[in-house]
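Letters are used for the chains, namely A, B, C, D and E, taken in the order the chains are written, and counting of residues starts over at 1 for each.
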Amino acid sequence: MSSMAKAPLLEVKDLAIEVSTRRGPAKVVEHLNFMVKPGEALGVVGESGCGKSITMLGMMGLLPPGARVVDGTATLEGRDLLKLSNRELRKVRGGQVGFVFQDPMTSFNPVMTIGDQLIEPLLYHRAMSKADAWKRAGELMRLVGIPGGEKRLSDYPHQLSGGMRQRVMIAMGLACDPSLLIADEPTTALDVTIQAQILDLVKDLRARLGMAVVWITHDLALVSGLVDRIIVLYAGRIVEEADVDDLYKRPSHPYTIGLLGSLPRLHGPEGRRLASIGGTPPEPGRRPKGCAFAPRCSMKIARCETEEPQLAPLPGSTRHRAACWVAGTVSVEAAA
Amino acid sequence: MTIHQQTPEALLKIENLRKYFYVKLGAFGDKAGVVHALDRISFDIFKGETLSLVGESGCGKSTAGFTILQLHKPTEGKVLYDGADLATLSEKELRAYRRRLQIVFQDPYSTLNPRMTVGDCIAEPVRFHKLAAKKDIPARVDQLLADVGLPARFANRYPHELSGGQRQRVVIARALACEPEFLVCDEAISALDVSIQAQIINLLQDLQEKYGLTYLFIAHDLAVVRHISDRVAVMYLGRFAEIGPKDAVFNAPLHPYTKALLSAVPEPDPVGERTRQRQVLQGDVPSPLNPPSGCHFHTRCPVAMEICRSQVPAWRDVGGGRSVSCHAVPG
Amino acid sequence: MAVETLAAPASAADIEKHASLWSDAWHRLLANRLAMVGLAVIVLLILVAIFGPWMTPYDFLSQDLNARNELPNAAHWLGTDELGRDVLARVIYGARTALIVSLIVTAIAVAIGVTLGAIAGYAGGPLDSAIMWLTDMTMSVPNLLLAVVINASLKPPLTAWMDRMYQATLNPIWRNSLIVDFVLVFGAMALVSWPAYCRLVRAQVLSVRSRNYVTAARALGLPTRVILMRYIVPNAIGPLIVAVSAGLGAAMVLESAFSFLGVGVNPPAPSWGNMISDGLRVWRTYPHLLAAPAAVLGIATIAFSFLGDGLNDALNPKGRK
Amino acid sequence: DREAQAAEQVLKIAHGGFDMDWSPMRGGGRPFRWQSLWWASPMRFDSSGAIQPYVVTSWEPSADLTTWTFHLDPKAVFSDGSPITAADIKGSWELAAMPSSKHQRVNQVAANIVGYDEIVAGTAKEMPGLVAKDDKTLVVTLKAADPIFFMRIANHLIPIVKASEARDADGNEVLEWWSPEGGGVTSGPFKITSLDLDAGKIGFAPNENFFGEKPKLSGVEIQVVEDPVAATALLQKGEMQAHTELVTSTIIKDLGKEFSAGPQIPTGQHFWFNVNAAPLNDPKVRQALIMAVDREGLIKASFPDGPHKKTDMVLTAVPGIDDPKYVPFPYDPAAAKKALAESSYGGPERLPKLILAGTTTPAITAAAQFMIEQWRQNLGITAVELKPTIDNFNPADVHIFRDDAGTRVPDAATYLMSSIHSSSGIAKGKMNGYKNPEVDRLLEEAITKPADDPQRVALAQEAQRLFRDDYAFIPWYGETMSRWALPNVKAMDKNLDWQVVAPWAIEIE
Amino acid sequence: MLRYIATRILIWIPSVVVLLLAIYALAFYGAGDPIKLIFLRAPGDVAFDPVRIEAIREQAGLNQPFLVQFANYIWKVLHGNFGNSLLSGRPVWKTVAAAAPISFQIGLLAILLTAIVAIPLGVLAALKQNSRLDYLIVSVSLFLWAIPAYVAGPLLMVLLIAILPGADIPYGWGGIFDPRIVLPLLVLSFQPIALITRQTRAAVIEIMSEDFVRTARAKGVPELVVAFKHIMRPVLTPVVTQLGLIMITLVNGAIFVEYVFGLPGLGRLTVQAILHNDYPIILAVTLIGVTVAMATNLIVDLLYPILDPRAGQGGR
């Protein structure tokens, strides 16, 4: 994709987020740097609890009680979101930035019709009248391919299937033509066939509307056909960042390698033993010294346990970066 | 993985199994509804194999597992095991069989009693089925923990102190404690992270080898299924669409639903994914409360015919160990 | 074939204290300041109820007709009542009454409620409907009627029986007329307070029963008894504990309300309830006679409700704080 | 605003409960306290205990004292102007005796009249012993001679009502015939003008046809105020001027001595012993219990500032209470202890639990608690239980019963007949069949003596002394019939019939 | 829905008969003979004459066997005749018809007051969780919770008598527009307000952590709209249930407040009837009580689907 020349739409610098745990405050996200260019699709990949959601929520001032941003900047179209007042931030949310959340069941208010929920961004960002908003909502419903269109607007969420709910959620995210759509594991709760529908829908919408997308997932297979670039998170830090083709062709961080290796595949040779990563990620606040992945790493060297590697470009590429002392010296074949 | 013999021995024979749930509907819960969760399914499970059951959410996979284990009383049908029809046994009589037929549940978070330590959880079946002398129980627990790759000190922990993968290991250890012959894995890995998923898959495979277990592996992730199973059964809305040896089903699916499922699975291959032509199914799975007439799949089927609307396709053996239920499949 | 083990580092940081859920809840409770205040008050109350009568300089019964209705002073910290009895001593002895009352009422109510609720929840079907019907009907019976009826019909035979027991054994326990009052009046109160517990337990059992770990226990082939005792009850009990701690306070108030209507603890045995109702008759002239017991009752009620709220938060794993 | 009240002359009365039945035919209850306000009686006692004519102006007995002839005031009329006739008195008495009337004290007036037993048993609706010789002459035939029969009817227990309105064809009472809707015909100085029982409000206006003195008040309002503390506050503010029956332990402090002042009436409150059930069937136990109680303290614990007065005997406020031969029970803890030790129980240890019933008001409870404490300190008895209610009263279940004894005539013999004679309710019920043949004999003889015969009193006194020696009760106090009215309300004096003596004279200053 | 209501009522009838039987039995066997009580309760010199009492009982029909009496009673009730009070002889319906509307009006008003005061307070406390305002609201509601109505009532009552001039004594019943209603209403509402405030607060705090609230915020919906549009309705479900329960106790159990403020309502009537074992009244009052309970429960159940459209979907 040719998004190189454009100025970044969103630029996150040195973001750090802290949560309160039983053992006191703990940084769950730290030294986070990434950017999204206009129209670009970024995949954010990592295991559960590595801080994917909290990063996005943190930027938008949507953190749950007990969590707070402690450092960094997040510049959206020239404005630092972290410095905005609540009122200004509200303008951004749902206006410039649309959201799609993971669980389409719990993310809808069960006692309001989906129409009432769908028109809200229009009411509060576009100052539309209710009637106009309702009309536009009908269009949105058709846009995301809901059979029946505006007729379903007066349904309650429970009357829709999971897939349809997720479509409505996407419609809601797109209501005000945002320049950025943040999708937090939008298909994890869905069936494969429905997941495929949603993937196709988003691809299609992106082609038509041209917005940038941040797609959070733990499934490396899922985003491969969808995004332009991928960042891999481990324990709250970026461990690898690359263009999508590059990453799958030449995964460099042992963690990425492990992730890819542990994916069972539908095609190709079978009957092999899966290359799993032993152990579990550290809990927040119990980050080991040195590289956080070192305890699980099969390629670790002495240095890994004492010194934390920084994200650095790999030899031969400026756009492929990894945070590893041994990265670049291993290849996919070696890992598999 | 075991390559089964020419005339494999059936460990379990399921005949015409049916399970309906009767539910209350209406704003005041004053209307009755029937969920056709399992609609006359028949199949065999062979000793030592891994049979996978795939299908979309709500199609009755779990119900099948539960009903076979008599955790739900079947509405109709037989579950023959070791010469006995489990469906006719009382809860007391079943207890002896329960030990031999075990299950690992989908959600490792909720299948462990939050108020019992891991050690207690695992010791419980050992104690009640008298599988070890009282004084040997702690040693047995340690051994089981070791079997699933957990250090012995975990015995004193409570479930909430474990990660998801560790919990799933405990659940497996608990099932193993019964020294079962047959293990139903109801989406045993779906809730886990990829890296942990691979650990558990490997573990299950190792254990099968070590103890000669037979698996009914319930999953919705076809890639995992391909990796682990000997045979695959595909379910749609309470009925079997097709069943057959894994390679046959994956390489030459017969039922249009199986084809659609396979085509929907994403691959970690950006180039292939970008260019791949998918056969995306339209619409959603109909409600089992009010299933379509004839072939349940006809509402979404790309090759549906007139007959599909009215007639339930027969469950036919098409040779090569494969059975299918589709009007469009010749033979 | 070797099973791969988790590469779990055995560093010093990992040797952690293994907190059970209960001790976890306890820690959360310890961190809740209001709940601790409540708990402290309740502990104090219990201590006072047990040892108080030996610590006061006055006997709660002895009268001094020359020192009637005295306002609080150095000799009588809370003053004296119409018969010249020390109010402090009576309030302290009343703590015993209050505690016994709330314990008995709650114990009986909980016993009935839990049994019926558990049966209803576990058995389901017609038995469930029958028990729920009984619950609804019980809530419709005026509780005062029940108290009056029970008092009138059961008290004489019970009192007579106790006296026969005393005559046979000469054990002063049988002489304690309070016991009869408690058993009857508060038995009646219990008979009307159980439905709340029954509903709660039923709901709990219904929800716990469908939890996966119960199904898992069934799949393990464990006997029903074990499933009930080790899987269902311990997990259903949290909200019950909360309800009980709030119920203890409510029972004290109910006792005082009954006393106010004249079917509570009979004098001369002091209870906060009968002290309040006596105090209400003269509060304009001798405010201390109302203020002392009412304040103590209020503090105890608040303490129980603090503790109940605290337990609620502590036992709820979702609850942060 | 005192002046405003005086100008208005409306007496506002606080009433202690929502009484739903204000029929004058009940012979008791709170409404009875205001009977004389709106009903006339045959004769009436003044506050000094002298009989005054009212509807009946003169009477004479036959020589054998079994037939009495009463002459009615020819001017006596009901509030509707119709004359009060002998038939009305006859009808009133018969109505009161009908079972459906549930009259509580009809026996005190009519028990001796020929035909009473049948009507009371529900088998008749008229008493042949009552004959209206003409409109203004009533002849009463008694079953046995009674020298003081005329005194027995000189009260408001059965006031004179218009029988034709009050009785239906079966002789029973017409529901709420006395209410404004029911006609509201009265015989007394006031008539009822408004009635809202559910709201607890009753209004009276002067009966312009009243045959006696013209009432001074322009109206009376009764309003229910259940809570005594609230009632006290209202009285203190002058919002209300009188109360039906205000019993609080702080009444003197709150409202002054005059508020509850009044004459002593022949009613006494005592604690009666169940002499026929263990352990009080043992005279030694009874002695012990009595002598262990300091009765000075008893009154101090209950009515320290009055208005009631301590008494040592059954009798109060009747001729004959000045009996020099009567020895009060001593307060002697040592003797009491000794008596208990000498009893068949040998001491407090083996004594069965005592149950003390009838502690219905705070003052009674205080007195009872005082006794219990005395027994605990002086005798070591700990097992005593108070039973406030007296439901399902079963004599065997109760050992000590608080109850009042008394009479509506200033006569010692009648007083004792209704309290310690074996036929009395107290002897039969509360004392569980107390019977001393000698006491019975003396009393039976006494009541046949004419009212002015000194023997009548002497025999009664002797009977009381014998009763005293049976150690069957703990004397407590003689009752004062309080005015329960603010000092600015004049002529609120009451008599032994618990009634305002001259309601027409009540006046607010 | 009509069918549903009809079924509920049909189920209700036999329940009521059983309940009445139980209460009749309690009164008949347990609480003492009402006629005897009339005489026993009267002071000293009463005519406690067994023959007479038997005659009175016979006339009132009280000497018949229990089941006959009960059958007679039900028969009469079916014909709309609730009998006469044993104490006053007045028709029961008259007494009850005077008392019930008063209790209903006060109960409804108190519920209304509770809802108006407590729900906003609870929401406010939850939105400002752990602020000073929150602590204030919580502690005031705890305080209200801790003083029983029978203490609060007399205190306020007499304090007001002492303060208020002349005509405005907060005593007695003059309809709901009479200023005298204010005090009893307040006292009656104290504990419900405390209860509902705390419950609303807890419910709001819980709902605030729901995903859909985050969704609403992510749409840029203003906080106030989030609070009142998104959070309020789900909160109302448990609150309405609780309000229903309170309604039932308020109508049937406002004993103390009615006593202290001289309100001639059902609570006072019940106490009096019970103390005198006037069972025609007890039965009628119970009947009203169950009817109120049933009607309230029915209304609450009918409200559920409106408050929560999910109700009844799938297994229940």
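Just so we're on the same page, contacts are C-beta pairs under 8 Å (C-beta built on N, C-alpha and C of every residue); 3 or more make two chains touch, one makes a residue touch a chain.
Treat the numbers as computed from the prediction; the structure is a model and nothing was measured.
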{"item": "Distance in touch steps, counted as few as possible, from chain A out to chain B", "value": "1"}
{"item": "A-E against B-E, pair bridged by the larger set of C-beta contacts", "value": "A-E"}
{"item": "Furthest chain, CA centroid comparison against chain B", "value": "D"}
{"item": "Identity of the chain that, by mean CA position, is farthest from chain C", "value": "A"}
{"item": "Distance between the centres, which are taken as Cα means, of chain E and chain B, whole angstrom", "value": "54"}
{"item": "Chain D and chain E, separation of their C-alpha mean positions in angstrom", "value": "39"}
{"item": "Distance between the centres, which are taken as Cα means, of chain D and chain B, whole angstrom", "value": "89"}
{"item": "Centroid distance [mean C-alpha coordinates] between chain E and chain C, Å", "value": "24"}
{"item": "Per-residue multi-chain contacts in chain A, two or more chains", "value": "65, 276, 278, 280"}
{"item": "Residue list for chain E, restricted to those that touch at least two other chains", "value": "31-32, 154, 158, 209, 277, 313"}
{"item": "Residues within chain B bordering two or more other chains", "value": "166, 199, 202"}
{"item": "Contact footprint of chain D on chain E as seen in their complex", "value": "31-33, 35-49, 51-52, 55-56, 58-59, 85, 87-90, 95, 98-99, 154, 157-158, 161-162, 166, 169, 171-173, 259-260, 262, 264, 268, 272, 277"}
{"item": "For the chain C and chain E complex, residues of the former touching the latter", "value": "133, 136-137, 139-142, 144-146, 148-150, 152-153, 253, 256-257, 260-261, 276-277, 280, 283-284, 290, 294, 297-299, 301-302, 305-306, 309, 318"}
{"item": "In the complex, chain E residues that touch chain B", "value": "1, 3-4, 7, 301-302, 304-305, 311-316"}
{"item": "Chain C-touching residues of chain E, taken from the complex the two chains share", "value": "15, 18-19, 22-23, 26-27, 29-32, 142-143, 145-148, 150-151, 154-155, 158, 198, 209, 248, 252, 255-256, 270-271, 274-275, 277, 282, 285-286, 289-290, 293"}
{"item": "Chain C-facing residues of chain B, complex", "value": "66, 69, 71, 91, 94-99, 102-103, 105, 107, 110-117, 124-125, 128-129, 146-151, 156-158, 160-161, 166, 171, 174, 178, 199, 202-203, 206-207, 209-210"}
